[in-house]
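Sharing a structure below in structure tokens format, with a few things to ask.
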């Protein structure tokens, strides 16, 4: 196998000997394990692992052989798994409406090589942020939508996303609710940023409601989109202290900086294969210092 | 007037000249203004002020005269106000059930002179924490309660609280819902600690629900108790990061430290006359470096 | 006077009656006080105030008259003061070297109208970030420097800055040490971001030293540049938790996000007239909810 | 082997196959691995592991046999290791001077069973905190010290500590500098709390110096004591925001709450075998959700 970093994400029922079996398997095939992060949910009897391997000349088998052999092991332990060879960057589409802070941030990180992906397009139901996409040289697609044209517009989105083989859709303050059908099609592949620390202030106008409730902290939440609005697996959250002096407008400004960081972190975790989704939860393994 | 620090808390409709009128008033009476914190809610046209004064020989008027004169000013500006001469400590009762961390913390601070009050009693519906009250030499009252005896028990509480002229009731994880009548009687005088960052996880079992929702942050909220459970004015909130590794039990442990700090801060703010309640919100003026 | 917001920043020895005198002065001239923030350092007997006024038809005097009258008052209280009518935006120059995150962030905020200023130029000792300035349509000046050409280069900077009447110089990771003469010339007008929570890790390579020391938190500090390197008045600081897994490279990445937010906040505080410098300290008044 | 949780802490040069060898070893002996946390410092070629095992009837070997067998493996990988069977609580001595907040906190946690240890004694160079030890029923030893009697006093401490076979010495604001000889004798067994975020404000009076420097954050650091004052391996740090309003006295009060939490966390990490010391650094494995 060519020199490369191979990442396995693994999920299975917890069973005695599982760690030894897994690490033994990769060792026998000649891999060097550079990190082996594991999480046992003993309340629910579940085991999760993220294992990072380097291959070199001592790895004799091909990718196909590796996957076949691993499949055999997986069967005996009822393992659900995913492998990434780091050989090609994930293709990303960013969906936006009017709000620009997350878009600037993602595009700057992308331009500077800090997001390990290929941002293929920005899609918006408004023209407003075209100039931002243009600045960064990323194609911009205008896809307006009304209540009447929603299903047509989603068809157009689907056509766009699929023709570019998009791997990840980032809703960077895309203020539209996607249909259940659309979300199903891209299950586990849509990350949304919500402008509150969920489950507080689910739904519309969280900053206004935060003002009205008189909270002393506001926050933001990045999560996978699911059919239930704002209820998908939470990847990352952040908060900031606020005071009675804050208006809905200043909360929005303070919140923008939280949203920016939280979404960037979540997208990074996803792209670096740090996340395993289990039901309504996201297990997020910390970055290792390889 | 004897040398002392006098604190006015002031609330009125916003009006041109209000700050000048207020500071001018106190200056003319010979006071030295050591801090004048003010907050204008211009969205709602409201003005709030916390003003701290020192009196000395140059203050010729008595407390009565001061209050009478100030009443005249107050009328012309529709001011609601409160004055504290710092001459006597507030009398405090702490209500607990089984959970001890807030109680230890409040009693240790009280013993060390860090809570500017006189903790007169601990009241509990269980015997469990009697030994903690005993350690600190604070009288303990056992007031068991069942669904049937609730109103009787509240009557007993009322008798206890009133006979000691209690100024502040701290619900330090008192896991009972107080009746609307009881809360009415002590309006603005009951501080509760809720073990979540409200409005998330209002009601029972917030840590279990936080586990189930897979949040990445947990928190605690200190608020004035009102008839609507967990919806009173928020005085202080705190949060801590958590991970997927956390169980409901470890969330509870992490949360305990947040609850401890948040409640102690809120009680301090209240005792130091830093809080003005306005409808469902608490304006909390920061401590000044006098 | 035309309708506008006028901000006074005031510093003087503490004296009985000062608040009343100041608020009375502005009231008599017909101003409406929209916020009056004050800080008394009673350890050192100093008084500081930030007062925000709106003027309207009822303000009869001109700017000149206002300043003359205020000067009289200032003399009797030994007041040092500054007034801003908000009528023209401050002109800003950003100095950079190789590192881009602060530059992107400041230029995005500027473009979106979130920095109340006019970014006139980006100056760098390297060509590398020209493309970033170009993207945002901000003039870029290349001013290379070596040990030998340092004083010449600073002369060129001075010529550039003065010909554009620059009000504020932001060192957005400009990795050069400015001469005492240069700093003197722009005293109180240079904001620097240092990549550690000062006074820890003053000087070079803070992230490498943080790694070597094994700290569990890293941070960033925005401060006014003074002749003593990294010892100027601190405007804002931020921190983030790190773990033993972090390498110098990952600390640098985590730190970049802290630097970005901390510098943006500090620049904002300065531009909004929230800062009064007193010796080696910066008094930073919080934003008010006007 | 009786049912119990066995924890191995392991340190060795990084080598291909190490994880597989270690997990394989324990699996073959019949253990169930409940968590296997590992950290590879690839910059320095070092490998660290914390492995938690449950034993049951299927574990045929005794503790002695286990340790002998593991020693063989350890030799071939140059492993330094420690094993804990959780069968007896560590014996702890707390050293204090005048300051009480850390002492209350540690004793309350101990009393409530939240510190997995046996606090055997409180030692102080002052009588002041005897009453606190008494409240919690922990023996108090008064060991006054002057410059002249320092070595005698340390001999007395040593006699006390050794006669009770103390495993861990917690310096809970013990404001004396211990001699190199004393520290050597208890290497890796003394945890100190320093009242600043190290390396800022090493040495005396950190809050006063924080006030003078005008920092916007203060903190606390728990570390193992070494001969170089305040330079030992950092276990945990915390910070809190402060403002220009803070005086040295209020910084001290705010700091006390940080010190309390940071020290309690560090002691917990140590007692739960979460820490491996490597030179001047402490690797702290996060708690797992077993």
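Lettered A, B, C and D in written order, each chain numbered from 1.
The rule is simple: a residue touches a chain if its C-beta (ideal position, glycine included) is under 8 Å from a C-beta of that chain, and two chains touch if they have at least 3 such contacts.
Protein identities per chain, from UniProt: A, B, C, D = Formyltetrahydrofolate deformylase.
Predicted model, so just to flag it, every value in this text is computed and none were measured.
Chemist: According to the touch definition, list the chains common to the neighbour sets of chain A and chain D.
Modeler: B, C
Chemist: Could you pull out the chain whose C-alpha mean position is farthest off from that of chain A?
Modeler: Centroid comparison gives B as the farthest chain from chain A.
Chemist: When the C-alpha atoms of chain B and chain D are each averaged to a single point, how far apart are the two points in Å?
Modeler: Chain centres of chain B and chain D, defined by C-alpha means, are spaced 36 Å apart.
Chemist: Could you tell me the distance, in whole angstrom, between the mean C-alpha positions of chain C and chain D?
Modeler: Result: the chain centres lie 42 Å from each other.
Chemist: Scan chain A for residues touching two or more other chains and write them down.
Modeler: 39, 43, 243-245, 247, 288-289
Chemist: Enumerate the contact residues on chain A facing chain D in the complex.
Modeler: 16-17, 19-21, 23-24, 26-27, 32-36, 38-43, 241, 288-290
Chemist: Chain B touches which residues of chain D in the complex?
Modeler: 100-101, 104-105, 108, 112, 114, 135-136, 243-247, 250, 253, 257, 261, 264, 286-289
Chemist: What does chain D use to touch chain C in their complex?
Modeler: So the residues of chain D touching chain C come out as 39, 43, 197-201, 212-217, 219, 233-239, 243-245, 247, 280-284.
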